[in-house]
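Each chain carries a letter (A, B, C and D) given by its place in the written order, and its residues are counted from 1.
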Amino acid sequence: MDTPTILVLTTGGTIDKNYFDALSEYQIVDSGIPALLREARVALPFRVVEVCRKDSLELTDADRADIARHAAEASETQIVITHGTDTMTETAKALAGVPGKTIVLTGALSPARFAETDAGFNLGMAFAAAQVAAPGVYIAMSGQLFDGLKVRKDRAAGRFVALD
Amino acid sequence: MDTPTILVLTTGGTIDKNYFDALSEYQIVDSGIPALLREARVALPFRVVEVCRKDSLELTDADRADIARHAAEASETQIVITHGTDTMTETAKALAGVPGKTIVLTGALSPARFAETDAGFNLGMAFAAAQVAAPGVYIAMSGQLFDGLKVRKDRAAGRFVALD
Amino acid sequence: MDTPTILVLTTGGTIDKNYFDALSEYQIVDSGIPALLREARVALPFRVVEVCRKDSLELTDADRADIARHAAEASETQIVITHGTDTMTETAKALAGVPGKTIVLTGALSPARFAETDAGFNLGMAFAAAQVAAPGVYIAMSGQLFDGLKVRKDRAAGRFVALD
Amino acid sequence: MDTPTILVLTTGGTIDKNYFDALSEYQIVDSGIPALLREARVALPFRVVEVCRKDSLELTDADRADIARHAAEASETQIVITHGTDTMTETAKALAGVPGKTIVLTGALSPARFAETDAGFNLGMAFAAAQVAAPGVYIAMSGQLFDGLKVRKDRAAGRFVALD
């Protein structure tokens, strides 16, 4: 376990939703991921790149291709991707062809700006998994590290569950 | 990656420190770990056992033997231990002899009850590492997963660093 | 300053907005006001009544009449009303005719569930003003206690300002 | 109610306690009051002056004389003082001789840096009381505005109570 460099790609999603009184609505904003990493006192080298800033229901095939291109072309082999939860499994499929990299998708069911949120825990899972898991695509949600191609979101239950 | 059951052993430490006005001092209290796991929406089966409730500077050899015994005798093979940071590496050594288990020590530099804390992120790292790392003893702190026998705390810098 | 009993009427607004992943939207929910009062360690007798649960842009004349009726008919003379900020001044006008009561409207620009929010501070202002101000209608926002009939919300600036 | 200018004197106390891992203890630190006022979106002119940085059990007569001097000599007539809770009533007595000013002492039973704290609510009470109460000395704690000379802290119960 050498000191690794981790690439964090941000794409939007609930984890980065804020509420704007001036508009009386929620919007995805400047990513709070760098602030979360400071709060977590991450001393490991990392690099944060914003790929897009969308609710994951709005991500297009072109967006997913762009995310995969960022992952494939990066010099880092340990990659964390923050992402909306609704289509996280779709993006996992788009990343399946990227060779030689450990890619971990994560997000949150409750915005990082909330007093109570799963954002920090999930990001911590993704950081650890990126460092230690074999190359491949993973999803870190609901306290569990899933094979990214064998998992679905159970929206009603508010959790991710493994496919048989 | 079957759905695992994780054993969480709590031992005290800064992560569980609270401040009591009635005494004008902090004390380690009822562990906040179950509340953190709820907030993180952990849907994985887990079991929390309090082994002790101490500042890690006060842990004795008998305490470490007790922690190791809990880890060795547990039916679970994925074990997270929350622990004070000052002697976390000592306890890692005491756990080195436990065979066939993935044991991840973690804690926090800032109490979990603080608005800004590394507690949730660190616990997330430990949960993921317990699920995916090979059997052995690890320390998850400072954003990094360390070999538990090759790391020290740099107290002045407020971070853990790998030994050469 | 006898120990007073304070009536808290909740009507909805940003202060009580939550975000629901299952719907990918925010909604006004069970009021968080009782939790805020516990967190503030309020030892004063108080009573919380939910009058409605609406974004203040959706409040009708009938809603305002209902709020005024609750205030007028209450046995308490010290009344705090939590309310959306966009039409808070309209409701202040509807309350102007209630005699012999100190009525303080407050709310928040950022939901109480956020890690950073003006909710607790504003509610504290309202509690103190209800105890000490002369009978009348007030708005407690932006760190200031305003005459409820001589104030407007400057939405672009994100603050309330006194009218000349 | 003209737009007032509020003077905030900080003296230390639990409200400004932080926890330092490097020392394994709590200490009073750079006041968090300015950050609390930003979070509360206070748009009113205010000025913050640090008089001292002590647990209130350590305040001397000279410290109290210094606090009173700051209050007496200030150009502002609306004064909020953040203070440890254990000897808040002693300082209230030392301030009783300051003429023509509304002085409100407040503090917290739980540090402002905690996720759950009475700090913001109490500071909000103090801000409102400073704007609207008659000249005199007050204590704003436990959800209540007290006459500063007719109140005591019930340490076991964790609250302030009015003297008969």
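Quick note on the criterion: a residue touches a chain if its C-beta (ideal position, glycine included) is under 8 Å from a C-beta of that chain, and two chains touch if they have at least 3 such contacts.
Computed from a predicted structure; not experimentally measured.
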Touching both chain B and chain D we find none
Most remote chain w.r.t. Chain C, using mean C-alpha positions, is B
Using the average of all C-alpha atoms in each chain as its centre, how far is it in Å between chain A and chain C? 38
Between chain A and chain D, tell me the centre distance in angstrom, where each centre is the average of that chain's C-alpha atoms. 43
Chain centre separation in whole Å, for chain D relative to chain C (CA means): 24
Touching at least 2 other chains, the residues of chain A are 109-110, 115-116, 158
For this entry, which pairs of chains touch? A-B, A-C, B-D, C-D
In the complex, go through chain D and note every residue touching chain C. 1, 3, 36-37, 39-44, 46, 109-110, 115-118, 120-129, 131-133, 140, 142-147, 158-162
In their shared complex, chain C is touched by residues of chain A numbered 14, 17, 19, 21-22, 24-26, 55, 57, 85-86, 109-111, 113-116, 155-156, 158
